[in-house]
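Shared chain: chain A. Partners: chain B in the first complex, chain C in the second.
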Partner chain A sequence: MRRPQVWLLAPMVAVLALTLVYPMLYAVRLAFTDPLTGDFPSLANYAQLARDELFWRALRNNALLPAASVAVELVLGLALALFLSQRFPGRGALRVLVVVPFALPEIVVLTIMRYIFVPRGYANAALGALGLPALDWLVPGSALAWMTVVVVDAWHVTPVVFLILLAALAGIPEDIREAAQLDGAGPAARLWRITLPLLRPALLAALLLRGVDALRIFATPLVLTGVEGVPVLSSYAYHQWADYGNDAAAAAAAVTLAVISLALSVPLLRVRSET
Partner chain B sequence: MRRALFIGLAGAGLAAVILLPLGLILKQAVTPEAESFAWPPTWLPHAPTLANLRELFGSVELPDGLRLSLLVATLTVLSTLALTLPAAWLAARAPTVGRPLDALLVIARLFPSIALAVPMAVLFVRIDLYNSPAALGLWIAHTLLAVPFAFFVLRTGFRRIPVELEEAAQLDGATRLGAALRVTLPLAWPSLAAAALLVFLVSWDEFAYALILQVTNRPLPPLLYYFAAFGYPGMASAVAAIMLGPAVVIIILLAPAIRSGGLTGSGR
Partner chain C sequence: MARAAVGRGDKPRGYPETPVARRLRVLLALLGLALAAACQPREHTLTVAVALLPSELPGYREVVRGFEQESGWRVVVVPQQYADIRRALAAEAAAGSGTLDLVELDIYSLPAAAAHVAVLDEAALAAELPALAPVAVQAGRIDGLRFLPHRLTWQALLYNHAVLGAAPRSWDELLAVARAHRGGIGMKGARYEGLTCDVLPFVWAAGGRADAFDDAAARAAFRFLAELAPTLNPQSATFREASIAEAMARGEIVLHLNWPFAMSLFASQGLAPNPIRAAPLPAGPAGTATVLGGGYLAIPRGAPQASEALRLARYLLSERAQRHLHDRLGWFSARRDVVFGNGSGLLAGFAAMHDTVRARPARADYPRMSRLWQEAFRAVAFERADPDAALAAAARQWATEQARTPE
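Moving on to the complex of A and B:
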């Protein structure tokens, strides 16, 4: 084959450089410039963030929320994939239905969920109908609000994990499981000794993909609980920029998030290049 | 018998958890605003009405937002395809250029939107693209967002078309690019259509960049956010229902491609 015509890549790579790399470098510059004196490099913005209790809450949530929601999504996605890889009438329709939440626009999902979980919403109406007391699902700073964010995120994105695991399950030959069954292995032993080990690469891929993706969490806590309810780094940066007009502090928070995201992308890229 | 019962219950439970929220948004869209504030909330509208939709289309915000959303999504489809078509074809035919490009595209695909939207907003203010009436700044951001999706779909599509067809055309005197344009491109139209639909949806659904870059000239997603935040449940739900329309149509059109795995490796 002749030398590849590499210039065909040039427009795309140029646009990526201009829209991804350049704004990122610009954010780094803003983040490390003292807004008062113009000194560069300076840690003035990070000193300001370090004094802000909301920033520390955002940083903590940005570690704990993705961990919790990815864990929930892996368990639910695996359960759904195992359930829907069995044979029964109506399976095809259910498989499509299960993917529907992911196909909906994020802001539409969040708008619905807000009407469900507000104090006078449908969730409390359902509890009331069952004779149970109403709950404050979204009260800022509460553990329950935090869990509501995880549940809503899981409702929306579990289909991604489900699709990855369903495809992997389809690749496991039926006779391996049948052989194990003939050898006397019960359902639990078959899951634990056969299916899960064979699913390991797919589970790892789903974990890394969703893990890096989950770090971006922004709209879910913002729409459900507001900026201070369940702060994350993205909503904190948005808050600094939109409510205080503080470009430098917003950029400092944005760079913090970008560094975490890039660091966690490394293992993801390594796994991808092995497959 | 017990198995059938378990499957029936699990299936019904799943369907309820997924369909109930969707049903509620459609219900609120046709419910008078006053009824939406009732306690306890009604599960079906007592007096179904199209007043919310009528009021929306009589307002300034919705027609403008709809136009802007359609415009940005269309422009994004055009720019994204123009950028990714040649690149994806080359990557499919010359695998050696793939690796570093893959890494760049995966990073572009998973990079936190807000971490880019903030510096973009600061830059766009300077070059007068911030809050542009034609959403030109947002168009640039959406192109960045959509390029990885389109690239991977198109590269998969090009790889499925045998290179021998291009080589045969070259033996007949076509240049290498001419062969790609006249032989491969027409055969690749299903992937091209899938990529275009997917890119349209990426832009149509996108919230974070739109919220930050279009502060008053708002496309539908931030418009929906403000309607909901300012306490118009009926109108917000009607906007949500309008947004669902194209999303549902495109997902139905893309379903075969999703099932055949041509779109996997993509996410939110």
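Moving on to the complex of A and C:
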């Protein structure tokens, strides 16, 4: 690269260093500094996290929640994309309806969802109207609360997967499917042998995009169930910072999340680049 | 038209100056002047950061206007949340200078903020200090008097009168209510300071101390809480001030402890004083007690106008200002001559707790102590741990942390 071009990059590099690199390095230093004695390096913060049962729940949820949520999103997104790629009257309106949840601000969606799932909320009112018993949708630590978080998160973000797959479906030449149909392949065979293999790059792109994004899940469990209900690492870090003023423990949790995200992103990126 | 501008004036120009460009130049010059003016130190102006709700700002401004008229100084009131004020104070302390002359901090954060604020001259406050409740003044003494009680608050029992008829007056009555209305009692059981504010009244009511985890009184309190635990509303593990109040408004719980703001909230929803009312906390073996909360004034170490800020603080603590804040905003005053005026109304239960208010320990390591109370309670209430064992574990952890803390 010629020298003048290098200098043109300098302002951007400086901004990135100041707003991204320095805070990251500072957070790492904070994570490995003993808050009581100031010793560095120290594993005191990690020892504190290891003693905290909520941290282990957050760690476990950070692995399971994104996996469940992305799985639901991929299945739903694919089904919706396949359905709405067909030609039928009202298809445009339906496509808009499917995308609406993603268009709404997250905090609005979650506040509405909270009112739906609180003990005397709309969900239990609907169950009552049907003569069914009320359910404890958001009871802290329960399996139902966990599933509620997965469903709400998936509902909000499925449109992203839907849009990626819909665009990919539009790119599959119609004549390939017609040829398969002429050769006697039924709908299931066409889906399994033609559509899905051709969708593989788009599916991997959706998986990569949502998989990495889902690891930093934060607002959905926090708003629906509080810090303690369905904890994840980001809400745990926020809790340490906001409720305990414990910057060091928050940094330790955040660094843990960053390491997990990196560790999972690299194989996903490798698969994507090979595809 | 553009060409016509070329060559006008003495200097040759590389580009023609259009009317738009000329206006832009004037605008930029004005902006520069405004920026320069904004960067100038503001003479005779005090900047005060106070935790005010938007609805409180006009009333507070009225009070401050009295000081402005008396002193000739202009006061800029910056309404912020306590957490933001705390961070701004820490940032200014780290920078070594700042713009804040006077700040209001919540009582919980005083120990952590002590290093960032100035020690106040008690001689200069000779007229105000004797008029204030000693417990409130004492809470502001951390290595010297650094904080002045701007407003006080404390918790009372909020209950659904239509369902319960009367509030439980003792631990036995509370337990009876809990068993008769399973899931109807809520506690703020989330992992935060609000939980400690719910737990300490029980410890104190048993004769215990906030800084003693493993004494007989604390064990008695926790055994009672262990009896109460199976009847608590299951959402208690995540309840905080606002969410527990919402649950009560929806009718999901019939009784909980909360601050006066919750009664104002219920009143605005038409739920108070009927069916929701406030009452004193139930008495334990050693009586009843509630946690002191509130906002305290302090002068940052790097305050540009420290002496005038002290004058403003004295004005805000005057009988006239405190009465106005009480009447206009419903604030509880630390002044003993500002009589609690809502004794027969919405806040009757709070008024009845006036003489039982206790401050949390004013020490820098209080947040860690508080956290251990929270962990012990959560172990007992939500994991059904043995109360004695939970307290013993807290005491051990406290001793370990104390041993590791440098002198």
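Convention: the second predicted complex is superposed on the first by the 255 of 275 C-alpha atoms of A that agree within 3 Å, B and C clash if a C-alpha of one lies under 4 Å from a C-alpha of the other, contacts with A are read in each partner's own complex, and residues count from 1 in each chain.
In the analysis below, a residue touches a chain if its C-beta (ideal position, glycine included) is under 8 Å from a C-beta of that chain, and two chains touch if they have at least 3 such contacts.
None of the values given here were measured: they were computed from a predicted structure.
**Q** Touch check for A:L166: first (chain B), second (chain C), both, or neither?
**A** neither
**Q** A:A242 in the overlay: touching chain B, chain C, both, or neither? Say first, second, both or neither.
**A** Both chain B and chain C are touched by A:A242.
**Q** Determine, under the contact definition given at the top, whether A:L8 touches first (chain B), second (chain C), both, or neither.
**A** first
**Q** Go through the superposed model and pick first if A:R120 touches only chain B, second if only chain C, both, or neither.
**A** The answer is both, since A:R120 touches chain B and chain C.
**Q** Could you look at A:G90 and tell me whether it touches chain B, chain C, both or neither (first, second, both, neither)?
**A** A:G90 sits against chain B, while chain C stays out of touch.
**Q** Does chain B (first) or chain C (second) touch A:L65, or do both, or does neither?
**A** Neither chain B nor chain C is touched by A:L65.
**Q** Of the two partner chains, chain B (first) and chain C (second), which one does A:S234 touch, if any: first, second, both, or neither?
**A** first
**Q** I want to verify the contact counts: of chain B and chain C, which reaches more residues of chain A?
**A** B
**Q** Look at A:L268 in the shared chain and tell me whether it touches chain B only, chain C only, both, or neither; answer first, second, both or neither.
**A** First partner only.
**Q** For chain A, what residues appear in both contact lists, the one with chain B and the one with chain C?
**A** Shared contact residues on chain A (touching chain B in one complex, chain C in the other): 120, 242.
**Q** What part of chain A is in contact with chain B in the complex they form?
**A** For this pair, the touching residues of chain A are 1-2, 4-6, 8-9, 11-13, 15-16, 19-20, 23-24, 26-27, 30, 80, 83, 86, 88, 90, 94, 96-109, 111-116, 120-122, 125, 128-129, 155, 157, 160, 163-164, 167, 209-210, 212-213, 215-216, 218-219, 223, 233-235, 237-238, 241-242, 247, 250-251, 254-255, 257-258, 261-262, 265, 268-269, 272-273.
**Q** With touch defined as at the start, can you tell me which chain C residues reach chain A in the complex?
**A** 83, 109, 112, 189-193, 234-235, 237-238, 240, 243, 246-247, 250-252, 367, 371, 382, 401, 404-406
**Q** Mind pulling up the chain B residues that touch chain A in the complex?
**A** That would be residues 4, 7, 10-11, 14-15, 17-19, 21-22, 24-25, 28, 37, 39-41, 43, 82-84, 86-87, 89-91, 93-94, 96-97, 99, 101-108, 110-116, 118-123, 140-141, 143-144, 147, 151, 176-177, 204-205, 207-208, 211-212, 221-222, 224-225, 228, 233, 236-237, 240, 243-244, 247-248, 251, 255, 258, 261, 264, 267-268 of chain B.
**Q** Give every residue of chain A touching chain C within the complex, in rising order.
**A** Contact set of chain A toward chain C: 36-37, 54, 118-120, 136, 138-141, 225-229, 239, 242-245.
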